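Let me begin by handing over the structure; questions about it come next.
Chain lettering (A, B, C and D) follows the sequence in which the chains are written, and residue indices restart at 1 in each chain.
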Amino acid sequence: MRSMASSGPTKGIAAIVGVGPKLGRSIARKFAHEGYTVAILARDLGRLSRFADEIAREEKAQVFAIRIDCSDTKSIKEAFEGVLSLGFVEVLVYNAYQQVSWHPTNFTDIRLDSFEKSLAVSSTGAFHCAQQVLPGMVERGKGTILFTGCSASLNGIAGFSELCCGKFALRALSQCLAKEFQPMGVHVAHVIIDGVVGPPRGPSGSRRTSFGEQHQQSLGGGGELMDPDSLAQTYWHLHAQDRSAWTQEIDLHPSTSAHHRILY
Amino acid sequence: MRSMASSGPTKGIAAIVGVGPKLGRSIARKFAHEGYTVAILARDLGRLSRFADEIAREEKAQVFAIRIDCSDTKSIKEAFEGVLSLGFVEVLVYNAYQQVSWHPTNFTDIRLDSFEKSLAVSSTGAFHCAQQVLPGMVERGKGTILFTGCSASLNGIAGFSELCCGKFALRALSQCLAKEFQPMGVHVAHVIIDGVVGPPRGPSGSRRTSFGEQHQQSLGGGGELMDPDSLAQTYWHLHAQDRSAWTQEIDLHPSTSAHHRILY
Amino acid sequence: MRSMASSGPTKGIAAIVGVGPKLGRSIARKFAHEGYTVAILARDLGRLSRFADEIAREEKAQVFAIRIDCSDTKSIKEAFEGVLSLGFVEVLVYNAYQQVSWHPTNFTDIRLDSFEKSLAVSSTGAFHCAQQVLPGMVERGKGTILFTGCSASLNGIAGFSELCCGKFALRALSQCLAKEFQPMGVHVAHVIIDGVVGPPRGPSGSRRTSFGEQHQQSLGGGGELMDPDSLAQTYWHLHAQDRSAWTQEIDLHPSTSAHHRILY
Amino acid sequence: MRSMASSGPTKGIAAIVGVGPKLGRSIARKFAHEGYTVAILARDLGRLSRFADEIAREEKAQVFAIRIDCSDTKSIKEAFEGVLSLGFVEVLVYNAYQQVSWHPTNFTDIRLDSFEKSLAVSSTGAFHCAQQVLPGMVERGKGTILFTGCSASLNGIAGFSELCCGKFALRALSQCLAKEFQPMGVHVAHVIIDGVVGPPRGPSGSRRTSFGEQHQQSLGGGGELMDPDSLAQTYWHLHAQDRSAWTQEIDLHPSTSAHHRILY
């Protein structure tokens, strides 16, 4: 764990599980920007530490990098002991999934262990992470858990059963937890990202500051990629929703996708 | 039409159709607060004018009250001639529906004209309003259309076929328009309000200004009612989304509903 | 009405609304084959009468052709006075919809009266037909109502808002009626035909009689078209389901559609 | 394996995985009745053998009882070596799931190994069984795979995340396989049983023989239980569907459930 001198956080911790250079990093940065102490978790601790340094410097925030392997229950347990030692986890974002090929795989060629691992990362890992943070959230009567889904969460896709089964199961978990824990003050939501996330659109370190600026940006040729900083705005909005008006499921897709799947 | 002295709006108009004392008024106020010139439309022009005065005064904004009967195509056409004379319609919120009894009606007791009127207001009216504003949005390559749904948009309910048929059709319209117009820069979204909206929670004229304040409010006994000002925050967020990360459908429900229907 | 000498039916009438040369005719023939007296209803009485003659002759059944215009409530009322004069309506199949172009129409080019007519035929007509037969079904504690949907019942399609709005509304109606009337012994189901129906595959007048025969038929080049006689088998199965195991919604699509939309 | 003298089956084998005294047994009996050689698989070989004897005797059919533990990949592999030694598997019905308590369990009390086992039985087991039979089905260009779901396949339920996650994943598997294998002639469908299955309604050994008889039976006080023999009729119908008109998903529920969840 990358440790930093810290006065005790009063807002609680935002723990982001599954942090790569795109969505996870942008979400971490957004919560850091809003004043949260952030724990970012992924398998590659070297890269993760660079992200933590970068966000900490740019946002003048406390950011902790903690190694996690979401297919390994022991690793999850240890990682969250680290997270919880930092303070109360107020926000959990679960973003991890087992990378699959962009090309469909013949069903009969999928290895059983590969199928099992995808389920383990997409759903059992999420189950286990949620178990680590929910008792504290229930005790305080507040908290937010955001799960990241994709189009494979809603419809089976030929050649992608590994991904689809794990993502369907994750959606089930999100719905079960929402029903059980919302009356106790814990907001649980499922975010369906229906498109390909690209690198952040702004120069590194720059964040758009106003709504007007956003609308002036031309999408140009990169229009098909989703801007992770823009996605992170919606993660933040979900967290910021008043408890009389909570979202349980939301989709996000790029405007330029003429044939995107409208949900459901 | 209630006319006000006005320098030409540069942001475009936000037109809110179906404005009563709860959701419509809160959405209008939010867009006024963010600097938009707002046109509010409903059948009761007297009440509408009082809302317009109140919002204009409190938000130092231009607010126009325009009578509309969404079951009457001539009325829609005339109302939007008024709206479009104010400037470019950048935002359309369609909120109108035919009031139904809170109690289920035996199917065989539903009058045909009542069924037809419900379809007319929920879906034909929305179709017609969208046709008034889309050409301008397409021409400028920008615009936002938000349709308000409810739990009857997603599942049939015994005794409520009038409401359900109209709301299902409205959802279809939203999906069709999203697919056709998003590539042209127009954001179309469907907001499913799965709960009972109460009066604004704050004292009249006060708006919460920070996220922290919201979370400090105890829901108390009124917890089952949804705060329209909080709902309006999400309407605004949808409008403010960057076009690389647009939502097509989102649900909203109160946290205290233990048995609320998780969507889909 | 085409009248035939008839001893009083004991099974009740099967009324098929929206009968053209494909699905409607096949469903009518199947119910006739199973011993029902059948009333077939459509706008073109000449063609309808030829179908009635053909089915009556081939199936040794009573078949009545009755003109109906499903966009006209007076026509519906009169047509069902005719149907009900034949006996108790035990089965209603609602198959009517307003023909639309196979090509998408720009939304802003859709005429309001065309949109209204599509809603009238797809949903108001269904509402009105259901009202004619439900009191009798409730009184006897039995009956079956089957509504025909399509892929436009489930997802908006760019350029097809007329069709989608009407078909979404029809699905809502089906769900509302199922919830209200199933406890009273009336089976209501929605059949989603997700493909293009072709002409019956067998030679006119021949019906496959065994399951084995079906499986021996090679689909050949016409594989993308759905066989209406095969579809009719499922309509019949739904009617024949025991009331402890009723279906509310079912999809049907051709096997050869590699990219067909798997539902939901 | 319980072995019987047998002339080589020409129709192929129907393999029913997850056979208890209700649904599985009724499905096995129905396929035996229609002339299939049936392999029934479950963990309790003693009980299974009694079912096999009973069905073989009553239906004059060949029925083989084979032990399987669907949470154990080695057991699945061995069991299907047995099944495949009997002949070509033309039909696979996957019915197995990990029994859960009828009462909700606090999420934080669910043991990780229990969650993992539920996923293993509901989804990994189904994945593995499908892999055993699909190569033969593809080679012959025919076959039917039917997966059994329940209301937990469609909506999260507070206190039932184990069941829901596994059943959502199974539905994903069904959709993925349908999209990949239907163009190759393999029919894959998902049957959602939305109610409580009771014992077969007829006296043991008696099967209703006509549609008329069914409708004359009064449901009486046992009306809330679903008759497994009636459910089996729909499993059979799905198998018998012509390939120009295949179902991918169907729900089944008892008529007497006034508040049953209409799907989707």
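Here, a contact is a pair of C-beta atoms (placed from the backbone, for glycine too) under 8 Å apart; a residue touches a chain by one contact, two chains touch by 3 or more.
On a predicted model such as this, the values are computed, not experimentally measured, just so you know.
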item	value
Proportion of interface numbers common to chain A and chain B (over half same, under half different)	same
Most widely separated chain from chain A, with each centre as the mean of CA atoms	C
Whole-Å separation of chain centres (CA-atom averages), chain A against chain B	30
Between chain A and chain D, centroid-to-centroid distance (C-alpha), Å	36
Interchain centroid distance [CA atoms averaged], chain A/chain C, Å	46
Residues of chain B touching at least two other chains	155-156, 158, 175, 178-179, 258, 262, 264
Chain C contact footprint on chain B (complex, rising order)	73, 104, 106-108, 110, 112, 115-116, 119, 123-124, 127-128, 130-131, 134-135, 138, 152, 155-161, 164-181, 264
Complex interface listing, chain A residues touching chain B	142, 154, 175, 178-179, 182-183, 185, 187, 201, 211, 214-215, 217, 219, 223, 225-227, 230-231, 233-234, 237, 240-260, 262-264
